[in-house]
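Accompanying notes for the structure given below.
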Amino acid sequence: MSENSADANVIPFMIDDEAGEDAGEGSSAARLSFNEAARMAEALVFASAEPVSERALAARLPEGVDVRATMLELQQIYSSRGVNLVRVADSWAFRTAGDLAFLMSRDAVQQKKLSRAAMEVLAIIAYHQPVTRAEIEEIRGVETSKGTLDTLLETDWVRMRGRRRTPGRPVTYGTTDKFLDHFALEEIRDLPGMEELKGAGLLSARMPSNFAIPLPPSDLDLLTDDEDPLTDVDLEELGLLTPRALDD
Amino acid sequence: MAEASDSRAPKAAPMDRLWADNDESRGVSEPALLIDIAGFEGPLDLLLHLARNQKVDLSRISILALAEQYLTFVDSARAVRLELAADYLVMAAWLAFLKSKLLIPKQADDEGESGEELAAVLQFRLKRLEAMRDAAARLVNRNRLGRDVFARGMPELVVVEKRNEYSASLYDLLTAYAIQRQRRAITNVRIAQRGVWSLKQARDILTRLVGEFKEWTALDQFLISYLTTPEERATAIASSFAATLELVREGHLEVRQQDAFSPLYLRSRTPAEKLPEGAS
Amino acid sequence: MSENSADANVIPFMIDDEAGEDAGEGSSAARLSFNEAARMAEALVFASAEPVSERALAARLPEGVDVRATMLELQQIYSSRGVNLVRVADSWAFRTAGDLAFLMSRDAVQQKKLSRAAMEVLAIIAYHQPVTRAEIEEIRGVETSKGTLDTLLETDWVRMRGRRRTPGRPVTYGTTDKFLDHFALEEIRDLPGMEELKGAGLLSARMPSNFAIPLPPSDLDLLTDDEDPLTDVDLEELGLLTPRALDD
């Protein structure tokens, strides 16, 4: 089965030649069932959320299997691989080989989940952009904490677009390309509309007749008529731009 | 379709193997074969079930016999005042129409698709549905993660692909949006109107069931007779005629009548094509 | 290291004798580093419960490693073991061997069962993707009940893909990599019966022109040999049942 040259390239799993030959000849029914027991033990230990005791293994494996011997052999087989079988008291578990531990620690980025409030604000920004903080609050009916918006800006899914040309010149928020990328949307208009939300069962079929979902602008980079661009001065005011020695 | 008490009858229809999980709910049971309308997923599903009882390959099926079986079923259900969903009635109207097309030789002035063509379309849809049902069964019976095969029980790391600190799915986003907008929307409960079926509603169902009418089709008589009781027929004709005109005005439909009291012919209109003369 | 007789007893991990010998002799520096890469890949994929993408592997393995080739070889090596290396789209994962399902099922967490309707919709989405809701309904001839698509979206087997470029721009649905992983498929092409269905024209929206038109029986009033007449008795039996709960 393994005449492809590939096999020669990858670590041969601790089998030396004599062993291989012995295996080739001595295939008795007993050996076959022994192999099967080893496969079973392997799968059980792999899938378990905690080390598996030999007693538990014995209960699952065919009658008469010498669990300890089987596990010791499996341990031997895995000893040179990227994953080792380790014994903890009377239980067994797979662990990354010690010399490869560096691989594991490298990406310990903790994935965080957005709070429900943040998800709501994000969704409103996506659908209603360009939208000001006051408008977000009006839609949600609750005040939005500064922290929520900060978190969203930190995700890089939300950006400040400009300023609304109304008294107070409030900042308008919108989504970024990273947002589209993360949610696998080609364009912002791919967000489902009211009919589709209803069709997918996400929105009740009986919404009041005056209920509507806005269609986001087709080009997110263009400012709308009532938006002014954000200037550097604005950004400094907002504390987002560290004063720089060199400007470009 | 109901010979199940006959012990020599060929073994349970092949549908049994298709849905191992819940044959029971398919409405087949021994010793007498019963049809439980609640066990069917719409009229096509029922038709497929009836077709299987012809015990021939779907490509050799007699569509006429199938139509008759379906109509008999609907008639008897109505006779015992079993409430049938509109979908079933609209399908009945369509099949009655199809049956008339199959029985009466094609008339010179009948421009519509032939009965055979319509039957072929129906057969195609049945085959396609059956294929999908088979596929679903095969899918369900595959080795499934968390049921038959398992992932590492003690994962040691999460390989982070994009160095996004935050994760959220589109589904999370959409549910968050829908829930809050719904919460804030003033919930003025509206009582759903119940009344005579408008032809527009019937036509929407029909389009879903059998597709568009590409050619002139005299269908309304059938719709009316299946969707209403005899007492309501006059008002049904009036309101459906109004609905038809409405659809014509909106450009979804064309309508034609040769003489007074002769059947109304309808066909769907693609939005692209322009009618030179005003539709009459 | 392995003179204990045990080795002969345990499955030799797909290595036949020649391969073993080749491996024994030809150890060049290149091969060693290749082996090392394989160990690393093994460790990374083994450590993760989720499939690991080839991109992520490439980022962590030494420069110049052919990730796909390495993984294919590892896959070969693991193919006879109790734990298999499987491909899911462009990602790799270790999963317990399918033939050991009988052993593992006892551990199965009771999963939420999908209704028959939901499975059917899932199959239609899988085989017809990208597909709109209207198209799903046309195939089934029935309106999709509220919550069916919602449930499928929630399982993360189905996603909104984009919009169809037709009037109304309806949202299209498709399956996810989680779907592939769950149903042990390498890619969508591997869906059971895909080719036959395509060949038979059953995956098209419209009836293909070569689809056979049934010939009407010569005498329409005669039942064919394999038809039974409907009798009144039969009909009385129809439709008279207690509404039954459609479970799961």
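Every chain is named by a letter (A, B and C) in the order it is written, and numbering of its residues begins at 1.
Here is the rule we go by: a contact is a pair of C-beta atoms (placed from the backbone, for glycine too) under 8 Å apart; a residue touches a chain by one contact, two chains touch by 3 or more.
Since the model is a prediction, treat every value here as computed from it, not as a measurement.
Farthest chain from chain C, judged by C-alpha centroids: B. The most central chain, judged by the distance from its Cα centroid to the centroid of all protein Cα atoms shown, is C. Remark: chain B and chain C have CA centroids separated by 28 Å (rounded to whole angstrom).
Centre-to-centre separation of chain A and chain B, using mean CA positions: 40 Å. For the pair chain A and chain C, the distance between C-alpha centroids works out to 21 Å.
Among the residues of chain A, those touching two or more other chains are numbered 43, 46-48, 94, 96, 104, 184-185, 192, 200, 202.
For chain B, residues that reach two or more other chains under the stated contact definition are 150-153, 156-160, 169-170.
Residues 1-2, 4, 6-17, 19-24, 26, 31, 34-35, 38-44, 46-47, 60, 69-70, 72-74, 76-77, 80-83, 94, 96-97, 100, 103-104, 107, 133, 144, 146-151, 153, 159-160, 162-163, 169-171 of chain C are the ones that touch chain A when the two sit in their complex.
If you check the complex, the residues on chain B that touch chain C are 1-3, 19, 21-22, 24-25, 27, 32-39, 41-45, 54-56, 59-65, 68-69, 72-73, 76-77, 80, 82, 87, 91, 102-103, 115-117, 119-121, 123-125, 127-129, 131-136, 138-140, 142-153, 155-161, 169-171, 208-209, 211, 271.
On the chain C side of its complex with chain B, the touching residues are 44, 46-50, 52-53, 55-56, 60, 93-98, 101, 104-105, 107-109, 111, 113, 116-117, 119-120, 122-124, 126-127, 134, 137-143, 153-154, 156, 159-160, 167, 181-185, 191-193, 197, 200-202, 207, 211-217, 220, 223-224, 226-228, 230-231, 233-241, 243-248. Chain A makes touch with chain B in their complex at residues 43, 46-50, 93-96, 104, 107-114, 116, 119-120, 122-124, 126-127, 139-141, 154-155, 157, 182-185, 191-192, 197, 200, 202-204, 206-208, 211, 213. Residues of chain B touching chain A in their complex: 150-154, 156-160, 162-170, 172-178, 180-182, 184-190.
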